[in-house]
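After this come two complexes, each holding chain A, first together with chain B and then together with chain C.
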Partner chain A sequence: MVFSSITFLLYFLPVTLILYFAVPSVKGRNLVLLAASLFFYAWGEPVYVILMVISILGNYLMVRLMDEAGEDLKHRKIHLAFLVLWNLAGLFFFKYADFLVDIINRAAGSELKKLELSLPIGISFYTFQALSYVIDVYRKKTACQKNLISFALYITMFPQLIAGPIVKYNEIAERLQKRRITRAAFGQGVERFIFGLSKKVLLANTLGQVFTLVSQQPASERTFLLVWLGAFSYTFQIYFDFSGYSDMAIGLGYMLGFRFPENFRHPYLASSVTEFWRRWHISLSSWFRDYVYIPLGGNRVSKARHIGNLIIVWGLTGLWHGASLNFLLWGFYYAFWLIIEKYLLEGFEERHRIFSHLLTALIVIFGWMLFSFTDFTALKIYAGQMLGFKTAGFLGKEAMYLLKSNIITLIIACLASGSLLYGLYRRVREKWAPAALVIQILMLVISVSFLVYQSYNPFLYFRF
Partner chain B sequence: MSKDAVKNRKRKKLRQFHIWLGLIAGLLFLIMFLLAILLPDKELSVQEKRVLSSFPRPYLNRIAEGSYSTDFETYVSDQIPFRNFFTKMKVFTDRLAGRQESQGVYRGKDGCLIEKMEDWDQEQLNTTLDAVIRFTKTYEKETAFVLVPTAVSVMQEKLPLFAPTASQENFSRETKERLKNTEIRFTDLTETLTSLKETGMQLYYRTDHHWTTEAAAGCAETVLKALGHTAKLKGKLLPVTDSFCGSLAAKSGYASGEKEVIDLWVPEEETLYLMTDSKGKHATLYSEEGLKSNDPYTVFLGGNEGLIRIETEQFGKSSLLVFKDSYFNCFLPCLLGEYERVDVVDPRYYDGDITSLMLQNDYDQILFFYNMNTFSEDTSLSLVLTGTEEPEEAP
Partner chain C sequence: MQKPALRLVLAEIGAAIVLTVFILAVLKKPVNDDVSFTDLKETLLSASFDRANMKEGSAMKLKYLYGLSENDYEAVCLYVPSTNMDAQEMLLVRCKKEADTAKVREAMQERIEAERNTFNSYGIEQMALIDKAFAEVRGRLCLYVCDKNSDKMREAFLKAVQ
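Here is the complex of A and B:
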């Protein structure tokens, strides 16, 4: 199930909340939430839910065994190695096996059969959560969870199950046992959720349609304005889609008494690539930092090793986003810019703020094009057109019409990716609270109307 | 007041705000949920003119495939309380955001609705036209081919700024080119309509994709000439309703509440005639039932039928076979003065065998009559003309 659906908003959320608040004890609530989360997952993945349950049971049992090994370091290490391999094997089998087969086939000219399995929803997210738990228990950074329900809830909790943020176990452990929900915190959650829903439905979906339209246009008819309009739309779409989803997760967390880590901090305000990655999908970068980059030695190694570490981490980050060559290249692309920034442009950013900001924006926008095109020929043509090669003119009627039809959405997207609009909202909330209430409810109603409209489908028997 | 006291007050106010927000939103969700489960499901949507989906049976195989969740989402979206309010809200928001298009319909200047013309499939067009050419060669009848432009080209100054649309001028040229060197007389009504427009006549409905009866009557002499008649047309318009809200309003969801007049064209010298369709024989071309239905445009010929036959009492005049779309429906009366019999085939609904129709009736003339939008998307005409059905075996 996804948050931006009528099923979720009209049925799942109210029923879950009613049951949740009808039960007084934390244990009971955990049970309700676990049942709801399993239902939530099974709604979209009725078969693979079994896979998730196996992953939960396996991790729970084996981590307890590892914990019982106590001070026996050798035993702990064996357990750890097995657990890490086991978790990664699941992820690899379902997500990367076909990718590997494809590479082997291309390199060796063989004809190995692909598995053609569909990807279990959220597997990249819950595998990473399980791994963080496994490693933290191994490092004794956190105590082993003895209660199966609590552990299962940590993995499955529906707000962050399918699109993050990736919550580390120790960030949530305490609240699995004890939490208090105030009415104000509930309201805060609602506020955050409505912001997230609006970002996803009103901005991301709308601009997503613009990019789809542009990329479906025959390449020979695309003008300079059109390709840039498409690139900007995609850049905003991916941010509002993802951060909107994180906002909804964090908001739902508040409503249920949990605090999830922030995932985005206005990434498009960044004036360097390094800064961009401190603001973009924070829970993923921090996962890679804690469990890959630092164990590899981080930056406290020789220059060559450090560069090697960056390339490994960013290659993996790229691949995490999808099993395809363009994601790998997208990761290396960022490794390249990060290395340039670190070793060649030190101090440049402070001296040339505006220029750095523009440069970062360009790097990010071109990065998204690399991210969105799995077909390299198509990418080459599109990126070439963005640089002015082989376009069908500069403006074009089609592009002007698309621009005109979406200029207001684009301006709002622009403002909403900075902090200006939220600052304005906070001022209104402070000075004239009822207006802020009206704004919130209106955003909710309009978002729902956009969702309902997807099914608006007049049958015109008199159409002809 | 100290700084801390101010801060405290602010914090308290913020808490109050969040408590209210939680309360109001919580209540809204609760009310919507209760209404959704308590209100009985609706079968029909008057606004969308379709059957709404009903509760999907939870078949195990649908659930296992994961397609049950899609069925369920369709069902709950169709049955959500205040559905019409929500769809209007979306269209309204779109307008505020500067979008002037919905479901392929432009909201033009001064609020008139204009259907977009999509790029046509040239191969399909060639197939259709070749079928037309072959058909006329086979039966060797005098044939006219009439294309009517729609509002998207005749009223193009009313389109939103920069609105893209395929060119009907090019479409007409392509068609004419293909029919060149044949006996078929090709007529494009663009010129006639453009000159009528200069007289200030309303050519198209503002809420519907059809042309007005007045525009159709205005083009009658041009069409009659293409069929070899020189008669002057005399008649007048008779309004039958002033509360018509057409297909484009329904399709787009742009509900301005605008109501329009539908006219009939009544010739000065009335002739008696008999119309035969699938429902029986009628002494009129018009359907009162259609007028009162939720699609008043079906007043003309009672809507679209596969085959209708009109017999007049002008014995000795010629007979005509027409292949048409709904642009012909309001136009038909203008032709009747010149014929003893007119058979009208709408290929989209026709399931008979055209060969036997041709053999049983010795028509004098054949007319193809389409608006450019429908014709550019049509796939049924070539099927009917080539007769894909196996000929029935003799008993």
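Here is the complex of A and C:
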């Protein structure tokens, strides 16, 4: 089930909220939320919900026993290593086994049969959440959770279960025991949810159709303008798709009394690749920073080792996004630019602000093409055309038609990816609150109407 | 070994076994391809497949669109759009033996490609449907769906053959 679906909006969410608020105690609400989350997950994954339950019970029990053994426990590190491997085993098997078979087949010319299993939705997200709990308890950064329901809720909570943000245990541990929901916070949550839904349905879906059309156009017929229009559309699609989903998750969190970490801070305003990654998918970057990069030594090591650390972390970040070579390459691509920025372009950003913005935008846009095309031949042709090679001319009738049809959406997307539109909305809300309410209702109605009539409603991060 | 440490080791062994058993169970999950064809057809059609602009396809249509002969298969159900300006489609086939599914799957994949070539460059709505199209094979059963609710139909199919 996805948030931008009629089933979720008209049935699941209202019923869950009614049941949730009908129960007065936090314990009771945790139980309702856990049941709803398991139902939410089982809706699309009736079998894989068992895998999630195994993960919950296993982590709960083993971490508790590790905690009870305390300092007396010999070989604590070995037990931690087992827990990490046990968590990664499920992820690796379901997500990367076929990728490995593919690599072996290519390298050895063998014909090993692929497993062709469907990917359990959200497995990357909930495995990373479980790992953060395991490692933080081991490091004694957080206390072990004694209540199974609370722990299960941390892993399964439906707002962030299938597409994040990745919530570290210590970020919500307190609210699992005690939380208060004010009317203002609930309203804030509804507002955030509507904004997220609109970003996803009105902007991401619309621009997604443009990119689909452009990328499926025969390469020989694509003009320079057309390929750039496609690239811009995808750049905005992926941002509004994912940040929209994060907004919906954060909004739902507010409605239910939780505070999830921010996942995006206007990433397209970044003037360096380093800054871009401080603004894009923040919860994933901070996860890799805390649990991989810093334990490897971070930047407090020799230059060669630091470069090695960056390559490892970004290779893993790429692979986290998908079991495919293009994702691995995408990770290395960012490692390359981060190394260049760190060691060759220090201070450049301050001296050439506008140029730095443009350069970052270009790097990011080309990066998205690497992300989008799993077929390397198609990628090479498309990227080449973006550089002006082998295009069918400069403008082209189709490109002009697509541009004219989508110019308003593109302008809104440009404005909405910065802080201008939201700033305007906030000013309206401060001056005359009912107008803000009208805007919210309008956005909701338009989004739902689009959902009813639109057949194109993919969700890019769903597969991760 | 102290008691808590021993319990932890036992729990770790147990966790490893449970995970392994689950993985093996998923790998060996049996497929119920003997499910009643009529029931399966009804399940799929009721899973949000909008038949307003659809009609049942004949054996000739099956040959024309997929290159398959109806007599070669145990049961076939084909739905095609009323006009050739639409991409919505559904084909459900039960083969006589599992080895025949490769040919059907190939025909279905070729159909997706053919539809892509037909609607490429002008049919935005149709291309959106084709992007959602899938060919799924379970046991002797093969299903091709091109519909706005393809995901739901795939779910219904996989559930029905479990």
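Note that in this section the second predicted complex is superposed on the first by the 452 of 464 C-alpha atoms of A that agree within 3 Å, B and C clash if a C-alpha of one lies under 4 Å from a C-alpha of the other, contacts with A are read in each partner's own complex, and residues count from 1 in each chain.
In the analysis below, a contact is a pair of C-beta atoms (placed from the backbone, for glycine too) under 8 Å apart; a residue touches a chain by one contact, two chains touch by 3 or more.
What you see is a predicted model; the values in this text were computed from it and never measured.
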Overlaying on chain A: chain B and chain C, fit or clash? clash
Does the superposition put A:350 against chain B (first), chain C (second), both, or neither? neither
Thinking of the overlay built on chain A, is A:450 touched by chain B (first), by chain C (second), by both, or by neither? first
What is the contact status of A:174 with respect to chain B (first) and chain C (second): first, second, both, or neither? neither
Just to be sure I read the superposition right, which of the two partners does A:375 touch: chain B = first, chain C = second, or both, or neither? neither
Is A:47 contacted by the first partner chain B, the second partner chain C, both or neither? both
If we overlay the two complexes on their shared chain A, which of chain B and chain C does A:82 touch? Say first, second, both or neither. second
After lining up the shared chain so the two structures overlap, which partner does A:218 touch, if you call chain B first and chain C second: first, second, both or neither? second
I'd like to know which partner A:398 touches here: chain B for first, chain C for second, both or neither. both
Show which residues of chain A both chain B and chain C reach, each in its own complex. 44, 46-47, 398, 455-456, 458
What residues on chain B touch chain A, complex-wise? 10, 13-26, 28-30, 32-33, 36, 47-51, 63-66, 68-69, 72-74, 76-78, 80, 83, 85-87, 89-91, 93, 96-101, 103, 160-164, 209, 247, 250-251, 253, 295, 297-298, 303-304, 325-326, 348, 374
Which of the residues in chain C end up touching chain A in this complex? 2, 4-5, 7-8, 11-12, 15-16, 18-19, 22-23, 26-27, 29, 116, 120-121, 124-125, 127-129, 131-132, 148, 155, 159, 162
Within the complex, which stretch of chain A touches chain C? 44, 46-47, 50-51, 54, 58, 61-62, 65-66, 68-70, 72-74, 79, 82-83, 86, 89-90, 93, 115, 117, 209, 212-213, 216-218, 221, 398, 455-456, 458
What does chain A use to touch chain B in their complex? 1, 5-7, 9-11, 13-15, 17-18, 43-47, 183-191, 194, 397-398, 400-401, 404-409, 429-430, 433, 436-437, 440-441, 444-446, 448-464
